[in-house]
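In the two assemblies presented below, subunit A is common to both, partnered first by subunit B and then by subunit C.
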Partner chain A sequence: MNEITPASIGLSREDLPNSYIGRSVPRPNVPKLVQGRATYTDDVVLPRMLHAAFLRSPHAHARILSIETAAALATPGVVRVFTGRDIAEVCDPWVAVLDHLKGMKSAPQHPLPLERATWQGEPVVAVVAESRAAAEDGVAALRVEWEPLPAQTDMETALAPGAVVIHPELGDNLVFTRTATAGDVEAAFAAAHKVVEATFVTARHTGVTLEPRSIIADYNRADGTLTVHQSTQAPHMMQGVFAKHLRLRESDVRVICKDVGGSFGIKVHVYPDEVAVAAMARIMGRPVKFVADRFESFTSDIHARDHRIKARIAVDAQGKILGFDVDDLTGIGPYSVYPRTSAIEGNQVVNLCGGPYDFVNYRCTTTVVLQNKAPTCQYRAVGHPIATAVTEGLVDMAAEALGMDPIAFRRINLIRDDAYPRTSPSGMRFEGLSHHASLDKLLEMVPVEKIRADQAAQRARGVYRGLGFASFIELTNPSPFMYGIGGARISAQDGATVRMDPDGSITIASGVTEQGQGTEAILAQIAAHGVGVPVERVKVITGDTQNTPYGGGTWACRGAGIGGEAALQSALALRAQILEVAGAMLQAKPETLDVVMGEVVDRASGTPRLSLAELGRIVYFRGDTLPRDLPRELVQTRHFITKEYPFAFTNGIQACWAEVDVETGMVKVLEHWCVEDCGRVINPLLVDEQVRGGIVQGLGGALYEHCVYDAEGNLLTTTLADYLVPMSAEMPDIHVGHVETPTRESLLGAKGAGEAGTAGAPAALMNAINDALRPLGARVTEQPFTPARILKALGRI
Partner chain B sequence: MIPITLTVNGERVTRHVEPRRHLIDFLRLDLGLTGSHAGCEHGVCGACTVRVDGEIVRGCLVLAASLDGAEVTTIEGLSDSGEVADLQAEFVARNAAQCGFCTPGMVMTAADILRHHPQASRAEIREHLSGNYCRCTGYQAIVDAVEATLAQRRQEAGR
Partner chain C sequence: MKWPAIGYIRARSLDDLWEAQRTHGAAAQVLAGGQTLLATLAFRLSEPGVLVDITRIPELRGVSLAGGALRIGALTRHAELARDPLVARHAPLFAAAAPHIAHPAIRNRGTIGGSLAYADPAAELPACAVALDATLHLLSARGERRVKAEGFFTGLLSTLLEPGEIIAAVEVAPASPAQRTAILEVARRSGDYAMAGIAAALELDATGRVAAPRLAFFGVGDRPVLANRANVALAGRVLDAQAIAAAAEALGDDLDPPADLHGPPEMKRHLARVLLRRALTQFLPAKEMAA
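Take a look at the complex of A and B:
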């Protein structure tokens, strides 16, 4: 890092009117959202645009014997029908593996399968028509002859003799397995004072973005370019994918992503129906639109978190954790999902179990297998809610076995705040975490004594309430160690270009994207802070591969930490350039000047000397009056990538206060707290809202959300009436607190904040429910914690 | 095709619609009013909430053909009228919209609370908003925005 320090650019003070970093500035995007003036992909209409609808496999596993298209083609409005073979003419299949995940295997996947459908809901035939309704009429008129095949649905039997091998060429259904070990697990467990074990289940669930997946692909034969409007988190990655598989030059593909109606990891993957749309546009030379309906979302958006984990913890008589021993099994559907792969979630479980604690002996295995269900892949907080539920579930059980208070037990075992840098038993490197400070802060917020008194009083009346805690760590700001080293063209670097126009306004173009988390707002704040202008004078450009610096997009909580740092560096560079020009104009040394609220001022006195609009007028229209060789580029670009640490870990702790109705099995979350440390907080309002939204998503997964399949692989939850999501009446008020441990990798010091809520909420709720049920001798470890499961644990059904 | 004439955001429109055309497709595709969204098209998520003859309805469950003579207000009309400018300002101040896909429907439903339930408690607000799904916010900021607007309006009415 150069001589600029956080203090020298005002990061830790609010004394300048344009010191925006750390301030709750409202998002400039919100007025258009509340007035219905946003532009989502489905709002875009192009000339000559056609609409696609898909016939999807009704079977979990079936051979396609024939496809009869005549009646569909005769349907009014239908223009064309595409089968897998038609698409394969212009589009190459993909295999979703990463080189650094040793031994990983998966089968080639085409946009539309050539011979077999391998999950219910897989797109098989596409109909393109003048309207979506006509396309659906065409789908209804298609006749496909199927030969149903036995389906492999149970992950427990996926590797057993007699299992249906989903892709015979792979030899078996094993996609990936990895074991991490540290210390001597056998000896530690043999010598332990107590060993506690349990089996945890996290339910297969999905993201349910309110805006479904949406795409318009437009191939222009005249200039050979493919323009794709897509609701996506990673425009540059998709540009590369479309180019590679449709045999185009990357520079001939442009991906535009305007407003996105929620993503949560759902929209960072390659979906066969969306690639088919691009292929059809390529063939037809016209724009083709596809927007998934809710049924299609449930059957073809990625699912996640389908894990069964057997785990045990060893502790000594003083309450010190000696070790964790974890065996994770996960079913990922029939294909690993391109290009991030479906092995990452299990791999994260191996990386993260036990993460907040100080212990030596560790063994964790993940086994990733195929099954005939919808593919699974990375969804908000990838693997974290699973690892946190296992870790915190065991921690509470160990405390109970020792007769210790769960807070006291955590006090003894959480990694000390002065113990960094540090490497975890699973090999994760932590730069600086704040478990104890976070616990302290949490205990300032949660009235534990009052709650315990209420708990006792309520129990006497037959009302069962419980308080649960969950510490967590979260992986953010990934380096190329996440995907790049495995061969995936997914950028860990990101860039920002900041420019000043003649009127003194600032425009920033960034490779990270906005899905509602406030990326554009923080980019505007950072640019305004860095250059020295009112935030209203900053316009932000994201989501266009042709007009933004190359970057990875928004995932794994990298928007603020990576994109934000690139923005800060380019804004500071632009300010330096402005001051150089101003110095020449004012006959002053640049170091004696500053830019404050859009004015060049005398640094010492604050006296305004020159407005940026005047400086812009001179530079752009009267450059003849400036010294001949004065550099005057009022546009600067910087890129940023983390270098020291593969990931920036964050941490935090949550508490949940819940009531269980032991007659009905219903759980009511009464109140919830979260303290999290995401490093420098750029906009507290936005971070708090990210945390709250994430917690509600986590609570949804723990209480309601479940993609339920029958034994034949039929998905039973395909409407919002069957697949329940949290609504406002069921959700509690949520209190959010912060501890700030900035990363020293960047000037900004920001780490990610978007996934922490989801990472810890299910575990905190599980521990609260089990705290409530403890006097009744019942315990639940299988999510979602439905009334039926709770009544079963109570022995009532 | 069925001919209909109705008032949408104060403007009279006449169109011919297919019997199966629901109100949201009619608004979005036939009139270009893209502020109303389709999130499920089976009556659960509330993203399609609009006002018909003074009451909020789920646009995905109403057939356009049934609306001859009706008066429809969408988020565009509601915003232009200024009826909920205070509520919208509270949404902005609290970041009660993240991706914003639920927001037009939320604002329509919240406007209904403002009109019909000026004394609504926090729990009643949560209950009333419970037909509108939001995946992003966790609801608290939305509930806060409605509560603050109600309180402000009550205070102004008392003055």
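Take a look at the complex of A and C:
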């Protein structure tokens, strides 16, 4: 059995109490997931439910001249057809801008466009039918007359004269631009011993969740409520969005999100097809289900990381970094994505470049432009892999130019571990980081000398191997400075309610959500730890706006740091309440008692005094026996928000050991290491899984994943045979180590750990490939590092 | 996407198949392992009226040695090719090819007949059939005919198969002791269709001289490409570094690869040369290899 008991996770009586934090407690929801007993949105079947399918634009840019629906309506099983105008009757468009991103602009977006389609894959007409297959038959019978328009696909020309202005009312295709400067960049570069520059490209890619986007919207005319079952990261945010745009009261909308098969940032955005489903349910008074298939996922899930970055670094003769000068350009599709906006990724590049290093002169500009491709927005590790590739690519090139070892170069330039608190040249405030301790730990794990010896021996045989490093910082535990300050109803605080029932069991309801990453496991651990019960006595409720405290959900690495702290505070409050009641029952001072593994014990001796089940029996059934004025609420709620720092930064360093077949251009990743510092590690097993999964996603982006468009804006990679995700056969052994610098903002001390792997892996691999290619005078900086690009760099094709 | 509505008939004999074809005409499509066909249905790329499942037809099954030839039934699964003792002994190239095809679940269902009939230019088995100079047994209600694999593939996803005709079996001459075969490919991930691949068969006599060289490439054209000029460059020569270089040089004129998502034609041409060298190097006597 997979029962989790103290003994099964190696706990002894002496370890108790308060010993679940820092333990590899297996996830309580794993048996359910592997036995097929999870409840994904598509598993939910409601009476009178209909199914939606969408006709999507076959053109990157086209005017809709007419929509002929008669044949679709005559198709067996089809119930109704909706065009943009039908939906607009009940649903208001949105404009995705944030006030604090100065000068940002975007166009109003309707669920289904009224006049023009602006990317291939944009939903244009919806067919609602008795089954999904019938709805697809209906879609096939629709006749839309298009007037194809010139498409603006190249971001390099988006602002040039003659560009197709995608939304004429905006005047041009510029969404946002920001420059951060510090020191005197021109002077520093002019006086530098060496200046090295390169152009980096990170490929447009996407999240590829195992479970595609899924939604069921059910409008009940009898009571005017809209219930939405949705695979989402942020139920409360979606509640607000549906209410606002469908003209309902927020309290009349309930969003339920049970199990989610992966999100990676893909499911924290407002998608036009999903809002259309809610609007159709509102109009029809019947539940409507929509589950994206893989084709539509590729053309309509958000994409990310479509950047071209020209960057240079200046160093002095001793190897000190003098400055970074970075120019980032990114194309985001035809609309900024609601409500987080599509300017954040570029903004993050500005915030994060050079992040791990001690230098003064900084200039970084991001330019965010429109194009006729699928919209881009926040995807796991937003901006981090881009900034890290630029920074670490330049750092390795600078070390090479100086003839220095890349480790020695980092050693001199990484911010000292005793230099905190500290503000970076881009204005980021660091509470406490551990770059040097992390590097030390990494060097304990990576056998550098052995690897260098092997590298030399292999080169003599014509085998090219390389070792690459990448230091990184990661922005976690965001405060309202990320979105709230810009006017978005995106909550940075989160709450937890912990209660004890008559049998002594604990239930925790939390505003953070489970996406498959194990949030519910750490919530159970923290609640068990805080109250003092065995973890198997804890049940967790997440993903229901009607039954959980208001919260932000899962994004930007906040589940453990924010949701976890709220859980800990409420669990501790419940324990205090239990002890007060127990004190009254046992005629002891509460301070002399403790709760250990479900029993009230004498604090000094550990002698059991009263089980929680007995305490529950008396409180709930024989309250008459307790003192009249004794408070007896065995339920406590606490909310938590960070206050001192806008973000809790984490840090780490990765190393990658790879082999390049210089005849075929194929890269084989041999081994990978990551040391990261996410503050308090609540569950090492889960953190390691997060780091490994993140690394695999990072390596995927660096080697395989690419949403390829042709010049006309046709997406060429619409199946898993063309869009290559990393698979286990190609993935190396990944070693994970930790340094713990807890944040002092919370008792728990946890920061985020979900994005560290993705942040550093592409840069570490790029540096490994370039280390391998160095004797041949070749270098690659354009991701993904395909055989064609490597062969080209080698001059073989 | 969901499949369109389709009919299904399970044929238990060739007569069942001919009967189904008579009844449904062009609307009837043969279903073997389904590993290509069912995916295209889910894309709604094709909408056949009726699928006729041929996997229960005994005449299309089995591997046997008869009349001095190895006969591989069209329904032989990729996984069976990999483990069949007769294939391992008499047509080891097919056995070596199987692990390169997709993943275990697909190899357990996909058939050699389906692979040859579908004629994907990047597929392994068509190239192996060409390299081994296989003969295909084609069957229809009208009777049987035999064609050489080399001429069977007529273009992108197209073959000599006529409406109503199926592949019944693949026949090859059993490998002689002098025969050397190899299959190599470059694929982005294990199990992916190849960016470029070679299926090579030739004979080496006691003096190391090459006879009957048949280098067939896949993933570099609209069909499996028999590298005639490279073959000519090898025939009759002692296999050594110079012979390999000459074949690699000659290969340039054999190939006219298209660009695809993975790269430009130059890349495929380059990869084909690399694979040719690697494949032929495997056939060198040990001392040559060390040099």
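The rule is simple: the second predicted complex is superposed on the first by the 781 of 797 C-alpha atoms of A that agree within 3 Å, B and C clash if a C-alpha of one lies under 4 Å from a C-alpha of the other, contacts with A are read in each partner's own complex, and residues count from 1 in each chain.
As a working rule, a residue touches a chain if its C-beta (ideal position, glycine included) is under 8 Å from a C-beta of that chain, and two chains touch if they have at least 3 such contacts.
Note that the structure is predicted; figures quoted are calculated from it, not measured.
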Identify the partner contact of A:A457: answer first if only subunit B is touched, second if only subunit C is, both if each is, neither if none is. neither
Looking at the overlay, what does A:A187 touch: subunit B (first), subunit C (second), both, or neither? neither
In the overlay, answer first, second, both or neither for which of subunit B and subunit C A:M727 touches. both
So, A:L114: does it touch subunit B (first), subunit C (second), both, or neither? neither
Using the touch definition from the top, say if A:Q697 reaches subunit B (first), subunit C (second), both or neither. first
Which superposed partner A:D293 touches (first subunit B, second subunit C, both, neither): both
Check the residue A:R27 against both partner chains and state whether it touches subunit B (first), subunit C (second), both, or neither. first
With both complexes superposed on chain A, which partner does A:A133 reach: first (subunit B), second (subunit C), both or neither? both
Winner on subunit A touched-residue count between subunit B and subunit C: chain B
I'd like to check the shared interface: which positions of subunit A are touched by both subunit B and subunit C across the two complexes? 131, 133, 293, 719, 721, 726-727, 729-730
Subunit A residues touching subunit C - in the complex, by the definition given at the top: 131-133, 136-137, 140, 293, 295, 663-666, 704, 708, 716-717, 719, 721-722, 724, 726-727, 729-730, 786-788, 791, 796-797
Considering the complex alone, what residue numbers of subunit C touch subunit A? 1-5, 43-44, 186, 188-193, 195, 261-264, 266-267, 270-271, 274
With touch defined as at the start, can you tell me which subunit B residues reach subunit A in the complex? 18, 20, 28-29, 33-37, 39-42, 44-45, 47, 74-76, 79, 88, 91-95, 97-104, 107, 123, 125-127, 129-143
In the complex of these two chains, what residues of subunit A are touching subunit B? 26-27, 29-40, 42-43, 131, 133, 207-212, 259-264, 293-294, 515-518, 685-686, 689, 692-697, 719-721, 725-731, 733-734, 757
